[in-house]
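So, here's a batch of structures to check.
One chain, chain A, links the two complexes that follow: it is found with chain B in the first and with chain C in the second.
Entry: the complex of A and B
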């Protein structure tokens, strides 16, 4: 209990926690996010692929960036007890895909009439 | 020891979690904020779906390629990615107990966020001045709604961060302010992810159309 006591009585002092990720993770995350962004920009500006494959490529690069933010900055693996918020995120992702892909799919019928 | 346990029944016994999780109440609020982020993600996904359906409907007005300035949106993207990183460094310094460094990194994050909003507002003003108003076409309605909604989120984040910096200056790093810094960080990183998709779906795919 002594660690709790120290923690609460000296709140501005050095917190005595043990799972310190250090500075490496955010730095790696930052470098990766900049590189992925510049790759996407370069690929589009130079039209390195056909339009369809290019869109697929930049969407995949964007999806990787979600995981960079989640794991390198948002500490998504941290939780008190079971990792319920990860399940919430997964469920949210299912809804997002249903909304976006479903809307595009259904509005593709008779797209010239609206 | 028993006295401490009686006084502070909500204190966690897990030693491996940082200060912001020390109280049951704070851990619950962090979970609650994740739930908010998921609902905000659903809100954004609806506006993204609307944009993707409408962006070809330019009604003889400006097309995405004519409207977007590559240097402008690239600068906005790099600034926001950097601010996400500096906010992450802020959380790192907070967990080491360095209040001065935490406030300093939050200030850097705030300035980068303000530059981002400044660039976005000047982009919008230039668009409107050239006749590309929100009512010009379905594409422009969807564009201003999506990008403007993200801009409103970032502006709200700036106000929030400013209040938090003042509170940190007055109260220092406590379990309450630590939880608030962690939560505002989650919000900021989330907005960065949303922007990466605006950059991809609106600006880059706009260049291809």
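Entry: the complex of A and C
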């Protein structure tokens, strides 16, 4: 069996696996996403717009939120190797559109038939 | 005793049912027995070091497997209780409330706490070995996933004796599940345990997606990957995109119940149908999440036991990818009867029928793989062959249900019950049991005996048809789901009686599987070669059970069925890669107790929220936060296994 010291030793020539990330980027993202949430809450609580435009506003805020998540937290611009994440994002977009558009289409039931 | 204490206790503990008291006694006795055995044999340290703190994917897989089998037993007992109640008209075995609780926990346990851990068991046991990796991409997160699932399962099962079980069906639709109609803590148990296990499932999905994308051995391109890994990849994609919808639906319903919001209430601007919509945005991909890994298992099993390459590899991959995408576009077929209009219903009916096509392609590919193969009828292949007719019937009745106008007749009848049991048991359960038999020697180092395995299969398989085919007829005769009793003279008695007999046969089948495991553990044939089935993929190149670092040297892959090709090359006398390279120190993750502690704190949070004890909930949540912060500042998370230790381990396996 090996000694404790030996197990901790890192073989020479291998770079450390821990890369340092700055803390500013996630903090900015965090603040921005909170601001977006507060705008949404404020707009709905005070009924600043009509129902239709309010829904549109919420959707736009949601779309901005997605980009903040991608750039500030998920580091979408940093990658090594093939850009699988681009494919995944495209697929994610298909699914998001399916849920949002599908749900609106489904939940508008009755509106047409009456 | 003061009146307040008595009052609290009678509400806190479930009272008034002899069977529940029996369960109380059983739980206390079993817990005491476990504590006694662990203390008597001085196994506490072993339990903590080897299991509770492990981040090894193989051990986590074993724990998932044990948990899945236990939950299958628990959910199976629920099923037998229900079938006993329905065996004869005017049954008096269960009260209405008790029956409601049992069908709710049966569904919830079987989907989220049996099928999910069973597929995760296979993910963990197989994927890193098949792609030539030493662990998953995020081993620490993997341990968190397991322990979150585990505490969530305990939380839900606790509801049986404390506070009362959820009783609004496994789908938990509002308004029935909303506060005015369901005051007890039962629904909170449901919401919180699903939420907690949902975090774990989400993390597992991400973990295996990254593992498969980034950790394959050199030379293993995506199109050289074993089909099981492709199945795991598609299931992972579905987990990642589907689970957030469940999280949102459950969170909103919890806010409704706890904070008096109106997302899903009948009045004040709420819309209960939105819950139904969100639930099935998750719910339909979920059934593909649990069945795709089973498809992967069947692909491995038919290729191995026919001694042939899988027929139509590329079309298998393509059909799995198509299923992944289309399964996301069919969710409305669970609620055609909501009446969303002809346009909506037609779209989702068509999408639901289209998904049968890629599934059909896969069935034909499996059959073509078997065609003119050198077939060995081992237990894994037996379960695979049992699956084919099952899934054909289940698929055909599925297409019948997908016809939206006809669905108005089938909806919530026993026809539907028979259909989804046929695809979920016939697909997922058969697949997972086939996988269990197939990879058992790799995990535990011995084979499961064939004689008992055959008996188990035939009891279960025949019992399945005896149980569920009558339910199609009952559906046609107008019997609806979730009724706890029915009068005589409906013409249902005979079919119900037969169906119950079938359920008991399946129960015997399960007992035989358990007996098979025990018997083989004591007297089983040891797997000394590491390759008992003459397998085709890389996991069979390792000794059984695999050393904790899996591969002493990461193999280089030149083709599909990499291990088969290596064996062929060796038979032809060509030089092979093994033992030409020097060994190098292996980089491994360190064990950590924090995933377990974090999950227990999640349990504290969940239990507090269930009873609206907010102090307890906040303490739990704070603890979770502290664990996360501590992890963020931890840098000493891994170590290197030195070369001489690898040499000693390999020598102990008789390999150089």
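One rule holds for everything that comes next: the second predicted complex is superposed on the first by the 77 of 114 C-alpha atoms of A that agree within 3 Å, B and C clash if a C-alpha of one lies under 4 Å from a C-alpha of the other, contacts with A are read in each partner's own complex, and residues count from 1 in each chain.
The definition used in the following text is that contacts are C-beta pairs under 8 Å (C-beta built on N, C-alpha and C of every residue); 3 or more make two chains touch, one makes a residue touch a chain.
None of the values given here were measured: they were computed from a predicted structure.
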Check whether A:61 is in contact with chain B, with chain C, with both or with neither, and answer first, second, both or neither.
first
Touching partner for A:109 - first (chain B), second (chain C), both, neither:
second
Quick one: classify A:84 as touching chain B (first), chain C (second), both or neither.
both
Which partner reaches more residues of chain A (counting touched residues only), chain B or chain C
B
Touching A:95 in the superposition: chain B (first), chain C (second), both, neither?
both
Kindly list the residues of chain A that each of chain B and chain C touches, one partner per complex.
1, 7-8, 11, 17-18, 84, 88, 91-92, 95, 99, 102-103, 107
Flag every residue of chain C that touches chain A in the complex, lowest number first.
213-214, 237, 241, 245, 271, 273-274, 277-278, 281, 325, 328-329, 331-332, 338-341, 344, 584-585, 587, 635, 638-642, 644-645
Interface with chain B, chain A side, in the complex: residues 1, 3-5, 7-8, 11-23, 26-27, 29-30, 33-34, 37, 40-41, 44-45, 47, 51, 54-55, 58-59, 61-62, 65-66, 69, 72-75, 78-80, 84-85, 88-89, 91-92, 95-96, 99-100, 102-104, 107, 114
Using the touch definition up top, name the residues of chain B that touch chain A in the complex.
1, 4-5, 8, 11-12, 14-19, 21-22, 24, 27, 31, 34-35, 37-39, 41-42, 45-46, 48-50, 52-53, 57, 70, 74, 77-78, 81-82, 84-85, 87-89, 91-92, 95-97, 99, 172-175, 182, 185-186, 189-190, 192-193, 196-197, 199-201, 204-205, 207-208
Listed in rising order, the residues of chain A that touch chain C in the complex are 1-2, 6-11, 17-18, 81, 84, 88, 91-92, 94-95, 98-99, 102-103, 105-107, 109-110, 112-113
